[in-house]
Structures are given as C-alpha cells and as structure tokens.
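Presented below are the structures under discussion, each in the form of structure tokens.
Each of the next two complexes has chain A plus one other chain: chain B in the first, chain C in the second.
Up next, the complex of A and B:
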C-alpha cells in the first residue's frame, strides 16, 4: 500500500496542479470519506461537542431554570468542588469501588475461566449461566439485590440467620453498604471477565500445557508460571472496561433507592454529579464534577491506548 | 468431614471413574451456579407469592399451594406494558441505524489505507470510553434549549394516534445512535480486520469501486457479525437508563421507557411491595433474557470484543 502512495506522489509532483487535485480526489482519504464521514460527524458532535459544551458550562455560574448564563467565565466551580467535603467523600468512595470491584472481578473471572477451561463437560451451559447477569439492566439488578439484602427476609440475612448471624441492614448501614454494592456489581460483571479470559486461554496452544505437564509441573504451577503471564492483554483490556464502568456507575445506585440520593456511604462522583445538576439544578457545579470524572477516565484510557498503539493493535 | 465423604461416595457412584479432583471442580462449579442464580431464583419465586406468603416463607423456597398468585405479574404487566413498547420502538430503530452507519465507518477505516487513519480511529476509541456524565448536561441543554426537537415535532403527533409526549422518543433515539456509533464501529472494525484482505485487494485490482466492494463483498461476508452487533447494541440500548432519565425525565410520562418506569415501581408510602417489584423486574428483563437464551454465543462474542 505504502509503495503505491509514494510512487503516486512523486508522479503528482512532476505534473500540474490539475493532476495533483485529481490524485487527491481519487486518493484513499477522499474515496473513503463517504463511508466514515457522516458517522464521524454525528459522533464528533455528540462526544466532542458534548465535552466542549460541558466544559464551557462548568466555567459559568449557571444554576436554576433557564438558559446558560455566559456572563462570567472562571474556574470558581472547580475551586468550590475541590474544597467540598462531599466531593472528597465521593472521590474516596469512587476509588474504593474502582479498586475493589475491578480487582475482585478480575480474580474471580480468571478463576472461573480456569475452572471451565480444561475438559469440563458442561462448559457451554455453565458459561451461559455465569454470563446471564450481563444481559440484565442495572435497574433490574438493583431491584433483585435490594430484595437479596432485605434486613428481615432477604436471602442473605435468612442464610446468615442459619449461622446465628445478623440480621444486618446491608444497604442501610454505611459500614456495609459500599461492600454490598461491590458484591452485587461483581455478581453482574464476573461473567464478563470470565469470557474475556476464556478467549485469552483459547489462544494459548494446549501443547504448552502438555509440555509443562510432561516436565512434571503441577497444574497450579503451570497456571501461575506459564499460562497466567500470557493473559496480560486480556487482563489489561478487561481492567480498563471495568475501571471506566466503576467511574460512571450511576444507574445501579440510582435504582437502588429510586432517586438521586444513593444509600448512605455509597455516594460516588457519578451520583454526586447527577444529583448536583439534575436535582439541585447546580448546572455549572455539576458540569465541573463531570469534567473531573472525564479527566479520571482519560487517565485510565490514555495509557491503555498508548499500550495498544505500541503493540500495533490499533 | 463425615458429610464430605458421604457426598463423595454418592456422586462417584453415579459418575463412573470420577476422581477426587474432578469432583472438587464439579462442587465449586455448582456453588457458583447457585451464586449466579440465587438472586434470580429468589426474585421469580417472590414474584408469584402473595404478600402473606412473602412474609411467612423463606425467599428462596416456593410458596405453598395457597400462597401462589399471578396477581403481581398481572399488576406489573399493566404498569409496564406501554413502557416496554416505548423501549422497543426506540431501541430497534436506534440499533439498526447505528449498525448501518457504524459498519460503513468501520469499512472506511479498515479496508482503505490512508495516513491519519489512526488519528480518526483514536477519536472513535475515546468516544467508547467517555463517561456519559461528561456529556449529560449538554444532552439535556441541547434537546430542551438549543434544539427542542420533540417540541417541534408535536404538530406531527396531533395528526396521528400518538401523544405529543411520544415525540420525546425521537431525540432519545438520536442520542442513542450518536453515542452508540463509536463502540459499534470498533466492533465492526475488529471483524473487518480479521477478514482476509486478499478479497478486497483483488477487487481493487479489478477496478471495482469502494461502494461495490462494500456491497458485493464485505456486506455478504459480515452477515454473522451483524447478528452479534445487533444483539449487543440492542441489549445495551434497551437496558440503558441515563439517557431516558435525562430526556424523558418522568416515569409517568407517556413516553417513559422500561428502565424509567421500573426504577420507581413497587415503592409506596406504606413500604416496598417486593412481590410486585420482582414481577416487574422479570417482565422488564424478558425481551433481553429471551434474546440472551436464544443467542448466548453471539452475546458472548459481542462482549469479548466490545467490552461491557
């Protein structure tokens, strides 16, 4: 491909601008434009126009009903947000949720994938059951888990009651609520990490396993030393997806209570931002928190994109 | 200990020649099946119990003959019916239009080589990961202040059978298309990259135009991918909540989607009606659950390449 282009270019330089223009018009950029142009413009307006508009609003003092007030532009909202204890609490909760949810989902998914990877007879059926929660809306999941955690007659408290523990109001007690939410999200997502790891495991030739076995290595050792180190790419992409999800997890928390205020002790930046903007109508303040969320998401994905670029997989 | 060895003998007797290690795997797999199905099982059983039975029986055991009822499901159906239709009316065209646009974009960015392509691609990729919170205030301002499309379309509604409020589904559909394009493009691009490039090269040498390469070669070859992507994106849009909340706003709107109505069902001043709530959750999840059971393989494939 590259050779075609360079020969074409040197020809274009020696001939007149008409030919040059014709060359550009027949070039691959222009010829491919009708295919990606329209979707690119729609996406560009929505994503980058949206981001720009959000940042612009965050610089104003817009609040209440009515149009955006462009009269004074400054970083006041960011200063307020960075000084607010509510933002600090939400940032800490976001961080705890992100780390706990991502790491446990990855480990559990890897465990399930290894469990099903080798010579398991009902592999496909079991895999289907483990992945089932991913087909549900977060609103549905939230309803199911509110009932699971119910203090009087929920499954978890009834089960704990058999061992003489509880009852514990998991979603009402701030010392348990964040952990309870992490568990529910792990329930929904570990099937996803499992299938990502299963795809990774399938790409490793079985001969490696057999060779190590002949050498007398135990199964645990083979996985730790030979197989798992090769799952780096799968781990990285799953981790990025999970971390970005943890940053924007709003729907699940909203649906737990049916309102903008999540259970006590579980307020994260995403819920705080939505509540400030849409419930307290502090648009500029909400927009500032949204920008901070965006920066955090970019902090997660830019190393990933760079890694992908270096690997040549872009 | 005693119990363990008893289970050993039983199962080993049924499955001939099974060793201890294999048995251990089966037990762990079964425990996880219980973990993943418990919330669903308890939910379904609660949905068919009377209030008295919910209070008296354990949530994961079935009700007695006098404790079973179809009342919750009936009530939930009445409350959800129109919103499920709204969700389908919105999600099906949104998914189809997204797929058409994104498959073209992916073709333009994969099958045709030109410098700067990676830059465009990175812009699409960032679009996949941007948290919707970072654009949600603009989405609200855009559809209510800058370009109130639903309001503009209200006269159209008066001519037909739909309510003026239903017009809110139009901006919602457009929003889903715009924010769905990046991920669906990336899904298609992954597939096109794995397709043998020799077809395209040969067609180019034959002097075929890009359009005919797309319609005659690439489209027929990517039929299975269209299935995968449809299932993935339809599930995403049908289950999505944030855009519905921002654009439709109220669960009692005639345009309210499934997730919007479901988020408020079963909560009343007198307490939470879990029977009704569970029945509603299952009715609402039914379309995507059926799709998943019928096409779980395609669903898994979509997730593997596209992410959650």
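Up next, the complex of A and C:
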C-alpha cells in the first residue's frame, strides 16, 4: 500500500501542472468565456465602473467646472450632507414615500386580487383595466395627474367643488403634495401588485379553501389564516419591486414640473442629488448623496436576496 | 353520529347532468363507498353532502335535519381530500388543530390534548412539529386523516384518499382505515374509482355510472347478483366475460357457441321471446379448463363445453389468468378469460376444453343491459378453490 501511495504522489507532482492547466482550459468556465465574458465586461464598466467613479468623486471636493482634484480624499461631503436640513427633509420624504406607497399598493393589490380570484364575470377585462396604468410611462402618468390635480380646472377639484369642498392646490400645498404624489404612484402600481398576488392566489389549490371551509372557518378567517400566509413569497417580491420604484420616483417628480425642483414638500433624495449636482454643480456633494441613496437601495434589496438565498432560489 | 338520507338528488352544471335522481339511505355508523368510473358523478355527490356544491334538485338530510342550504361550516362533517389539502405553512400540529380552533368551546389545553390523542391513535406523534412538505405521501395521508378525526364529526367524507399512495401502502391503509372507522363508529361516505377498495372496505357500496345510480348493496351481493351489465363488468378483477348472441331453442346461440340453458334459466327467461339478443356473462374464476379426457366423464357437462385456443397465459403465482379464443374467432382480443390454479401448467398456443358451468352463468338483455338471470350461489360440482 505504502509504495502505491508514494508513486501516486510523485506522478501527481511531475505531471501535475500540465494536466491541471489542460483541465482548467477544458473546463466549462473557460470554454463558455466568450458568451458570458463580453456582457460581463460591459456590465462591469457601465454599472460597477460608474458606481466606483461616483464614490471616488464623492470623496473629493469637486465643484464647478474644471478637472477633478484627487489630492485630498476625505469624507467631508458626507459629513456636510448628514448635517444639512435639506438632506434630512429629503430623506424623511423618501422614507414616507417608500413606506406609504409600498404598503398601500400591496394592500390594495391584494384586495383587488382576492376580488378577481373570487371568479366573477368579466374577470379578464377588469384585470386588463387595472394593469393598463402599469404600461404607461412615468411621464404620461405625471402629466395626467398634473391636469387632474389642477387647482382651477382639474377634474378632482371640479368634482370636489360639487360638494362645496376646495379648491385645493394639491401639488402646490406642502401638506397635500406628498400624499397626492403617493396616490398617483399607487394608481400606477397597484395593478402590478394585483397581478403578482393573483398569480400567488391561483397557485394555491382550491381544495385548501374547501378544507378550511369544512374545518369550520369563515371566509374572512380562511383568508387570514390559510390563504394570505401562503402569499409571503409574492408579497416579498412585489414589495421589493415597489420599493425600488419608490427610490426611483425621480422620473415622476421630474416629469411633474419639468425640472429638478419638485413641488414643495416632495423633495426626495433623488431630486436633491440631481439639483446639487447638475443645477448647483456641487459634483462631490451630489455624488455623496447618490452614494447614500445607493446604500438605501442595497438595504432594500439585500434582505430580499438573503431571503431568496435561504429559500434556495439563488 | 347521524344517518344520511339522500332523496332524488340531482346536480346539473349548465346543461350537463352530473348526478341524476340519486336515492340512498346511509345508516348511522355505516361505511358506504361510492364507486364508478371517472365522471360518473360520485365526487359531485360527495361534494353535495359536504356542502361544497349546491344540489339542483332533491334533498340531503342528516338525521331529520335538511342540509341543502347549510354551508359546509355548519354541517359538522370532516373531509379527506384526494390531494390531502394540508395547509403547507402550518406544522402537522397546526393543521390538526385548525378545525378545533375554528370551533368554539375548547380551551387551548383541550385542543392540544385532542391533537395528541389522535396523533397517537394514528401513530404520527413524532411528526407533530414537522411541516407537510417534509412528510412522505403516506405520512401526509395520515395527517389528513388525523385532521378529520380530531374534530369528531357527525360524518366522514373521503374523496379517493388512497389514490396517491403506492400499491403496498394502499393495501395496508385499506385495512387500517376500515378498522379505524369501525372503532370510531362514524358514518363514512367514501369515494373511489377502485373497485377493490370498494369491495374490501365497504359495508355497502353504491355503483354509479353517468350520474345514475346503478345498484346499492353489500359487496358480495353486487358481485354475485349484479343488476345489469355495467355493475357486472365494473365489479371484479379481471372482469366478467361477456358473450353476445341470441335466445334460440331454450338456449344461447352465437356464431361460435351453442349453449343450452337448464330449466332454472329458461324459467327466468319466461317473458323473453325467442330471437331476442342476449348477453351471457361468466366470471373468469368460474370458467373451468378440463383435462383433455375429462369431458367424456360427465355426459351433462358435455353440453356446456367447447374447444378453445389458449393465446396468452399470465402467471400470477397463486393463479394463472388464461386468455382464450374460439378457433375461428376474428376478434383481435381474447373471447374469454379463465383463472386456474397457479400450479397448473397450461401453455399458450395449445387447445383446451372449456367448461362453462350453467349454475355460474349470468344472462343479460343486450339492449338494456338489465340482468335477466344471475348465477346460483351454491351448487354441486362447484369448483372449490383454496
């Protein structure tokens, strides 16, 4: 036995690296390189290169026009941003938008999905109607709601006027503006959550509903105890998509006013970042806010990725 | 505990009649099996008893109480589903406790205790804290059963509960379920398409086809005295042999076979005019294959024998299933099947003398399928199979 082992070892040592190299070159990883390598490089430069450059700039004091001065790198911009009241307000607005928009869209979508799942007539048509806003661009939605919210001639104020209420300047009054924007976003996205939930509902076999009925549970109790707990996966994935959209609500706000200054009371981190960087040319300061926004987005995504990983889907 | 009365029960889905005018009385504590091919309306009937479907017509009563308009929640029934319908997000304990939690009048300790008791009865105590996805099919089946038993309902309803199990486990669960039902004494309605399950488990069975009740009775009653061709064919494995022909000269005549009837049969066929189309039925185990010289021993038997060719022999170990063809037969499948003792050597391709004992023959009217005469239950010279 001992001789066998020793000869085996010496063979491995002498022939080793050639065999190993051939083994590596013939491996799936290397042979598939042309296919995944090109997109990997493009993606790496465009996305991760961009992120890296942004972070690098945020460490400088760059402002105005001129070359970037790399001589002093520090966290000064982050210190300034964390101390600025404007950033606090924007962060709070971002948070309120994120939570209100996500939670209301989920609840509304679930409610609509349950209604649709109860097998009523014209189900397909209704489903289409709710899903349609999702297909619209943010710009179209924004323009549409600007008209509807118009203080003098908007359909909402005209309708409220019939009951003697208003007129209310929804987008002009800071106490309404954020709510008005959340409502418009909900209008656009509740159809999406509905579809996600509907798919989840339809994957639950009908016999479970029937078993719970026979077990004596009322319809409301069946939904609370048997059906909704099984929609956890659907909720998590819909919530992540909604939260990411909430962080990107910049497009919507930009389209509302046609500039980097959104209606009063609705300034979020994304608009603040754009304003600082491109209107005030505070490049480093804007980059610092952008990095903070990125960290928030990662904070939203990473629990989801971890959840997926634990479920074995990653 | 309750007896169930089903009167003129009918269910129509748009213009399809799924269940047509079914009448059955189910006694308190009885194990009744609804059996039939798929689409025969047995499951729809069960679902109407459960309250998951509303009858289009007719009445369902538990004891004296009309159930037609009661929701499933208020019927005090428990049901085992074909796919078990366990709640995947709950543990076994949660699944079994669910029904008790939705019912008022239990403290949490009482619920817990009942779950433990039933789990012990079904030998699933060690599974209580697992989730359904971690269980094998057989274990899931037991949990589904436990969920039904724990509620101590008036009626158990079971919709093909064993159909997802493998053959060995199914056979084991058959006897176990039957013993459980006897022990608990709860009226049980059990749906299956498997006639073996129906035969072995039921106190009485109901055979359905195309939504119409064909026959109700004890398993052996249905086996030996079927009302019609459908029941005769459906019950028994391998199924009954049928030969088509006409009634002539007090006997059965077909292209290949002339079979004289004895007095008992002609008496039963009293009202049948000669020339009517008949269908002769004989169970495979009643078909005798005689040794080549045995025919000459008994003169009476000679009338009822015929030479046939063996096409296939299926050895089962304990018995051989022999497929037989008439010598000049044009059909592609066998004309007759016979079951003989497993130790007996019969080779495919040989010719044998087949004896069809008149005592074991069933006679049906071809057009309606109704039975005109059923076999005698005991007679001399009966082949005793041990």
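The working rule: the second predicted complex is superposed on the first by the 297 of 314 C-alpha atoms of A that agree within 3 Å, B and C clash if a C-alpha of one lies under 4 Å from a C-alpha of the other, contacts with A are read in each partner's own complex, and residues count from 1 in each chain.
One rule holds for everything that comes next: a residue touches a chain if its C-beta (ideal position, glycine included) is under 8 Å from a C-beta of that chain, and two chains touch if they have at least 3 such contacts.
These figures come from a predicted structure and were not determined experimentally.
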When chain B and chain C are modelled together on chain A, clash or fit: fit
Contacts of A:70 with chain B and chain C, given as first, second, both or neither: neither
Spatial angle chain C-chain A-chain B, Cα centroids [nearest 10 degrees]: 90
First (chain B), second (chain C), both or neither touched by A:27: first
First, second, both or neither for A:46, with chain B first and chain C second: first
Contacts of A:218 with chain B and chain C, given as first, second, both or neither: second
Partner chain in contact with A:306 - chain B first, chain C second, else both or neither: neither
If touched residues of chain A are counted for chain B and for chain C, the larger one: B
Contacts of A:136 with chain B and chain C, given as first, second, both or neither: first
Per-pair minimum CA distance [chain C against chain B, superposed on A] in Å: 13
Residue ranges of chain A touching chain C (in the complex, touch as defined): 205, 207-208, 210-218, 221, 225-226, 229-230, 232
Residues of chain A that touch chain B when the two form their complex: 1, 5, 27-29, 31-40, 42-51, 53-54, 57, 67-68, 112, 115-116, 120, 126-148, 150, 153-155, 158, 187, 189, 191-192, 195-196, 199, 237, 240-242, 244-245, 247-248, 250-251, 254-255, 258, 270, 273-274, 277-278, 283, 286-287, 290-291, 293-294, 297-298, 300-301, 305, 309, 314
Of chain C, residues touching chain A in the complex: 50-52, 71-73, 75, 77-79, 81-83, 85, 87-89, 98-99, 102-103, 147, 151, 157
Residue ranges of chain B touching chain A (in the complex, touch as defined): 25, 28-29, 32-33, 35-40, 42-43, 46, 54-55, 58-60, 101-102, 104-109, 111-116, 118, 120-127, 129-142, 145, 175, 177-179, 181-182, 185, 210, 214, 235, 238-242, 245-246, 258-259, 262-264, 266-267, 272, 274, 277-278, 280-281, 284-285, 288-289, 291-293, 296, 299-300, 303-304, 307-308
